[in-house]
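Several structures are given next for inspection.
Here come two complexes built around chain A, the first alongside chain B, the second alongside chain C.
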Partner chain A sequence: MPKLTVDGKEVEVPGGTNLIEAARKAGVEVPHYCYHPGLSIAGQCRLCMVDLEKAPRPTIACNTTATEGMVVLTETDRVRETRKSIMEFHLINHPLDCPVCDQAGECWLQIYYMKHGLYDPRMTDEKVHKPKAVPLGPHVMLDAERCILCSRCVRFCDEITATGELGIFERGDHSEIGLFPGRALDNPYSGNVVDICPVGALTDRDFRFQVRVWYLDSAKSVCPGCARGCNIDVHVNRRRPHHAEGRRVARLKPRFNEAVNRWWLCDAGRYGFTFVDDQDRLLVPTRREGETVSDATWDDAIVALAATFRRSPPDEIGIIASPKMANEDLFALRRLLDNLALRRVAFRVPPRVAGDQDNFLIRADKNPNSLGAELVGLGGDSRAVLEAARARRLRCLVIFGHDLLASEWPEAEVREALGAVETVIFVGSNAHATSAAAHWVLPAAAWVERDGTYTNFEGRVQRFRPAVEPLGQALAEWEIVGRLLAALGVDSTATRPEHWFRQLVAAVPAFAGLSYQALGDGGRLLPGAVRA
Partner chain B sequence: MTAEKILTRSFERPDSHTLDGYRASGGYQAWPKAQAMEPAAIVEEVKAANLRGLGGAGFPTGTKWSFIPKNHAGPVYLVINADEGEPGTFKDRYLLERDPHALIEGMLIAARAIRSATGFVYIRGEYVEPWRRFSAAVRDAYAAGYLGRGFDIVVHRGAGAYICGEETGLISSLEGKKGWPKLKPPFPAIKGAFGAPTIVNNVETICHVPHIINRGAAWFAGLGTKTQGGTRMYSVSGRVARPGVYEESVAITLRQLIYERAGGVTGNGRLKAVVPGGSSAAILTAAEIDVTMDVDGLRNAGTMAGSAGVIVMDETVSIPEALMVVARFYAHESCGQCTPCRESTGWIYKITHRIVEGRGRRADLDTILDVARRGAGTTICAFYDGAVGPYISYIEKFRSEFEALTEAAVAAAPRRVVVSHA
Partner chain C sequence: MNFRQRFYLVEVLSGLWLTAAHFFRNMGRHVAHAVGASRTGGAVTIQYPEERRPYSPRLRSLHRLVRREDGSPRCVACMMCETVCPAHCIYIVAEEHPNPDIEKVPRRFDIDLGKCVFCGYCVEACPEDAIRMDTGILEFSSYSRGGMIYTKEMLLSLEAAGADGRPRSPIPVPADRTA
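== the complex of A and B ==
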C-alpha cells in the first residue's frame, strides 16, 4: 500500500492504483476525458496531466502508477497552462453547437472549459466537417463533429461487451468514430456508450430533444427489469412537462455499485420504463359488473373487498402475488394471509417466453424480487391456485400485476379459471387482458412513484426511492393491503414502507439486522447470503 | 578524405543482392564468429562500438538490447523497422534492394544477442522492389541454412502510414491493429509485439552489426566521434548537383557533405537552408552548416541527426511554402490518437496554407509558434515533437519571409467596416 501526497494531502492507496484514482481518494479531481475506471487505459486525451516532483514535465495521471513517497501536484502553473492548451486543442474542430446539443448541461467540454479553459479562441479557419445525426443502432445517435475521439465507446464495445462494432476510422483531424462495415451498434448494452461519452457525440435516440437536462430531477433507484437489480438514477421531468408531451420519466441512468452493476445497465432495463407513463396506466379503482365498468372510490373498493374476504372461507381465496412487488408489499400481504389463514398463495407465473440471460448483468428471471417473495413465504404452487379456480373451488382470486393471459399457461384454461371465480380482484399499475377480466381493479403505483426495497438474486436488499407522484389515485401495494387489513379489523400501524420493512426484519430471520439506514444507497446482502 | 565504404561497399556489384554476391564480398563470415560468442558478449561488443540507432532517435543499440529481461521464459522478438517514411530519407531502400543479406546476417547476430527465435521485418508498403529483393534473399537464406535453424524471419508489408515507422505504432500495425503508438510504460523491451519483449531496430543499424563482429568494436568506434561509432548513409536531396545516398563517417560536416560529396547547390545557386535529418529535424540556415553530422553534434546545433535525410534548399525555395508542405505532411500523417497532435497539425496546416495563399494575418505566426510550443511534449509518441521542429525553426529562422506574406495580405485586405449591432 504505497503512501503518496497529492497537493499536500497524504493518501494511502492499494498497489497498482493510478494517479487519477489516488487523487480522487485524496479528494482531488484530475480532469480527464478518455480515462474511465471500467475500461483499459488509452492515455490519448492528454488532459489528465499532473506534475510529479522533480519530473522534467507534466505527465498523464491515468497511466502513472502511484508509488511510495510520490509527490503529485495537480495545480502548478505548468499543469494549469497545459490543461488550458489541451482544452483549446479539444475544441479546435468542435462545432460549439451547444444550443442544439442534448449533452449541453452535462457536457465535459462545457464543464472543463469553464473550469480549466477560459482562453480566447484563436481558431478562425474552417473547421473539419464530419457526419452528423448518424444512427449507429436502435438506441444511439452519432454526431462525429462533436466527438473528441476519446475512444471510450470503442473500448466499451471491445472490452465490456466484446462485440467490437465500433472503430476509429481515418487519420489525424479527419479521424472519426464509426461502425465496421455491415455492423450496427445493437448489442444488449449499447446504451452505455451514451453514458460514457463525455461529450455530445453519442446521444440517446429515446432521450434526444425531449427535455433539457437542467430541468431534470433525479432519484436513486433500482432497475426492476430482472433479478440483478442494477442500481440506477431515475431522471424525471417535472419542471417542463410540456417539453415531453407529459412523459415524466425522461431516462434511466446506471448508478455505480461495485457489487452489482458497476457503471453499467442493459438496454432492456434502460428503456424498460415506458409503462410508467403509458396510456394503459390504471388511475382509479374500478368495478366491473358484466360489461359495465364503473369508477369507484378507494373507500368503497376496500369495504367491498373486505366484505368479500370476510364471507369467503380461507380455502376459497386464492392469491397470486408478484415478484415485482417490493419486500414491504409482500410482507404486508403476508400479514393479511396470516390473519385470514389463507393457504392458496403463490407468486411465480411462468412467462410465455423464457427470459434471456448472459454472463454479465442480464438474468433470465425478469422480476426484481423473486428471492424476496420466496423469503417472505409466498412461494406456493401458482398452477395449483389456477387449477383450484378452474375447479370452481375459489370464490375470490386476487392477482397482483400478472397478465395470466400472456403467460405460459394456456389462454383457454386461464379464461376458464377467471370465469369460474365469483370475485376476481386485480391489483396493478397497467391494464391488460387479465385486468380487463377482473371484477375489481385497483391501481397500483409504479416503482418510480414510491419507496421500497427489492432483494436481488444474490440476496442483496436494495432501496428504491420515489421520483414522481403516483399517477391518478394509484397507491403502493403495501398501502392497498394495509387499508384492507384495517378494514378487516387487523391492527396496522404501518403508514410508511419503512414500518413494514421493520416488521419484516423482526418477523423473517433471513432479513435479521437490516434497516433502511443500513441499506444506504448500495444495499446490503442478507446476513445468510453468499454472493454467487 | 572519403570514409571507407562499409554498408555500401558492394553497392556497385550487379549481383550484390544475391547470396553469392554477398558471400563474394565477405558476407556471412560474422555469423559463425557470433555463434561462438555468448549473447552477452555480443551485446557488450555492440555497446563498445558506440553503435547508435540510425532510424531517427539515435539511441545506443547495445544498451537497447540489454533492456530485454534476463532469463525471460517466453518468446522474444526482433523487429526490423523498414518502414522508411521520413521525408527526405531513402537509405534503407538501397540496403534492402542492394544488400538484403547484410540485414539477414545482422538479424541473425542481433537475435542471438537478445535470444530471439523470430524476427519480423516491417517493410513500407510502397517499397515494392525492396520487398521483392528482401523476400528473395530470405528464401535463399533459408535454402542455404542460415535461417530456419533456430531463427526465422517473417516479412510484413505495411500499408503506407508514416506513423507505422514509429516503434510502437509499428508494433500495433504488426499485431494487426490500427497503427497507433502505444503508451509507455511498458516499453517494448519489456512488453512489445504480441505482449512479448521486443527490440525494434532500423535496417541500417542492424546492417552494421556483422561488420562490428568481423572487425571489432574498437575499429567501428574509431570511425566516428567519441559518442557515436561508424559511418552512416546520408540521403541527400533537394537543390544539389548530385542527389543520392552517401556513406560517410558520422564525423563529417554538413558543409562537406553538401559541397564535397553532393556537388554543391544546383547550378551554382546560393544555399538558403538545410534540413539535416529528415523533415522532423529543425532547419539550419546557410550559415549553420559547419556542424558535424553525428547525433550529439546536431543536437548541440539545436536540430537532430534523425534519419540523416539531408534536404537542401537554395534561394529559389520559399520557406513559407516549404513549411506549408511539411505541415500538410504532418496533418495528413498524424494518427489522430492524441488530441494535441490530431487537432493542431491540421490547424497549423490551415494557417500556413492561408499565409501562402495571401490571406495571412499578423497574429498567425505567433499563433503557430505558441500552439507548437504548447503541444510539444504532451503526446504519446514523438510524432508531434517532430512536427514542432519545422514549425518553430522555419518561422524563427526565416520570420521575415513569412512576415512579407502576412503584411502584404494585411495591406491588400479590404478595410473592414465595423457596424454597430446596438
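== the complex of A and C ==
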C-alpha cells in the first residue's frame, strides 16, 4: 500500500492505483476526458497533467502509478498553463454549436473550459468540418465535429462488449470516429457510449431534442427490466410538460454500483420505460358488466371487492401475483392471504418467448423481483390456479399485472378460464387483453411513481424511489391491498411502504436485519444469500 | 385625518380650487401664446390614437421571429429564451431539421403574451438573433386568455418597424377573433 502526498494531503492507496484515483481519494479532482475507471488507459486527451516532485515536466496522471513517497502537485502554475493550452487545443476545431447540442448543460468541454480554459481563442483559420448528425445505430447519433477523439466509445466496444464496431479513421486533425464498413452500432449495450462520451459527439436518438438537460429532475432507482436489478437514475421532466408531449420520464441513466452493474446498463433496460407514459395506462378503477365498462371510485371498488372476498370460500379464490411487484406489495398480499387462509396463490406466468441472457448483465428472467416473491411465500403452481378456474372451481380470481393472454399458456384455455370465473379482478398499470377481460380493473402506480424494494436474482435487496406522481388515480399495490385489508376488518397500521418492509423483515427470516437505512443507495445482500 | 379634513365640504372645495387654478393658469398661457406674448404654450392632450408620441428606438414592443432567406425561422430551438424567461411564457417544442448543419428547428414556438412582462431577456439570450422585439406593435388585445397566445406562424409573419418607429405589419388577429 504505497503512501503518497497529493497537494499536501497524505493518502494511502492500493498498489497499482493511478494518480487520478489516488487524487480522488485525497479529495482532489484531476480533470480528464479519455480516462474512465471501467476502461483501459489510453492517454489520449493529455488533460490530466500533474506535476511530480523532482520530475522535469508535467506528466499524465492516468497512466502514472502511485508509488511510495510520491509528491503530486495538481495546482502549480505550470500545470494550470498546460491545462489551459490543452483545452485550447481540444477546442480548435470544435463547432461551438452548444445551442443545438443535446449535451449542453452536462458537457465536459463546457465545464472544463469554465474551470480550466477561459483563454481568448487565437484560431483564425476556417475550422475543419466533419459529418454531423450521422446515425450509428438504432440508439446513437454521431456528430464527428464535436468529438475530441478520447476513444472511450472505441474502447467500450472493444473491451466491454467485444463487438468492435467503432474505430478512429483518417489522420491528424481529419481524424474522426466512425463505424467499420458494413457495421452498425447495434450491440445490446450501445446506449452506454452516450453516457461515457464526455462531449456532444455521441447523443441518444431517443432523448434527442426531447428536453434540455437542465430541466430534468433525478431520482435513484432500480431497473425493472430483468432479474439483475441494475442501479439507475430516472431523469424526469416535470418543469416543461409541453416539451415531450406528456412524456414525463425523459431517460434512464446507469448509476454506479460496484456489486451489480458498475457503470453500465443494457439497451433493453435503458429504453424499456415507455409503458410509464403510454396511452394504455390505467387511470381510474373501472367495472365491466357484460359489455359496458363504467368508471368507479376507489371506495366503491374496495367495498365491492371486500364483499366478494367475504362471500367466497377461501378455496374458491385464486391469486396470481406478479414478480414485477415490490417486496412491500408482496408482503401486504401475504398478509391478506394469511388472514383469509387462501392457498391458491402463485406468481410465475411463463412468457410466450423465452428471455435472452448473456454473461454480462442481461438475465433471462425479465422480472425484477422473482426471488422476493419466492421468499415472501407466494410461489405456488400458477398452472394449477388456471386449471381450477377452467374447472369452474374458482369464484374470484385476482391477477396482478400479468397479461395471461400473451403468455405461453394457450390463449383459448386462458379465455375459457377467465370466462368461467364469476369475478375477475385485474390490478396493474397498463391495459391489455387480460385487463379487458376482467370485471374489475384497478390502476396501479408504475415503479417510477412510488417507493419500494426489489430482490434481484442473487439476493440483493435494492430500493427504488419515486420520481413522478402516479398518473390519474393509480395507487401502489401495497396501498390497494392495504385498503382491502382495512375493508375486511384486518387491523393494518402500515401507511407507507417502509412500514410494510419492517413487517416483512419481522415476519420473513430471509430478510432478517434489513431496513431502509441499511439498504442505502447500493442495496444489501440478504443474510443467507451467496453471491453468484 | 385631522380635524379640518373631517369636514367633507372643506376638502371638496379645496380640490375644486386646485383644478380650477390649473384650468385658468393653462388658459392664460394658451391666450398668451396665441397673442404672441409667450413662446411656450399651455399643456395639451395628445389625441390618441390619431396622434401619437414618438417611440424610443429602444422600445420593446411585440416580439417577432426573424426569418432566414428562404422564409424558415432562424430559431434553432436552443431553449435559451425559454430558460431565461422570468414569466415562463415561451413554449418551444424542437424537432429535427433535414439539413444537419441547422440540425434543430422549433416545431412549436408559442409566446403567451398574457404572461409576458416585456423584459426583453429573450432577445438578449438568443444566440442566433432569431427573436426581436422591434415590431413597434403595442396595441394587441384579445377577448380571451387563449387569444393572447401567439404561435410560431403569427410571430414569423411580423416585420420590423419602419424608420419612423411605426409598425409595418398589421397586428395579428388572435385565434378567438375574426378581423
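Simple rule for what comes next: the second predicted complex is superposed on the first by the 532 of 532 C-alpha atoms of A that agree within 3 Å, B and C clash if a C-alpha of one lies under 4 Å from a C-alpha of the other, contacts with A are read in each partner's own complex, and residues count from 1 in each chain.
One rule holds in what follows: a residue touches a chain if its C-beta (ideal position, glycine included) is under 8 Å from a C-beta of that chain, and two chains touch if they have at least 3 such contacts.
Remember, it's a predicted structure, so these values are computed and weren't measured experimentally.
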- Please indicate which partner A:259 is in contact with in the superposed arrangement: first for chain B, second for chain C, both, or neither. neither
- Message: Let me test your reading of the model: by the given contact rule, A:41 touches which partner, first (chain B), second (chain C), both or neither?
- Response: first
- Message: Tell me which touches more residues of chain A here: chain C or chain B.
- Response: B
- Query: Now for A:212: first (chain B), second (chain C), both, or neither, which partner does it touch?
  - Reply: second
- Item | Which of chain B and chain C A:529 touches, first, second, both or neither | neither
- Message: Once chain A of both complexes is superposed, is A:436 in touch with chain B (first), chain C (second), both, or neither?
- Response: neither
- Query: Counting only touches as set out at the top, which of chain B and chain C does A:133 meet: first, second, both, neither?
  - Reply: second
- Query: Which positions of chain A sit in both the chain B and the chain C interface?
  - Reply: none
- Item | chain A-facing residues of chain B, complex | 161, 163, 178, 183, 185, 331-340, 342-347, 350-351, 354, 363, 367, 371, 374-375, 377-380
- For chain C, which residues count as touching chain A in their complex? 76-80, 82-83, 91-96, 100-104, 108, 127-128
- Message: Please output the residues of chain A touching chain B within their complex, sorted ascending.
- Response: 41-47, 49, 57-58, 63, 81-82, 85-86, 88-90, 92-93, 122-123, 125-126, 128, 148-149, 167-168, 170-175
- In the complex, the residues of chain A that touch chain C are 97-100, 104, 131-134, 208-209, 212, 214, 240, 242-243, 245
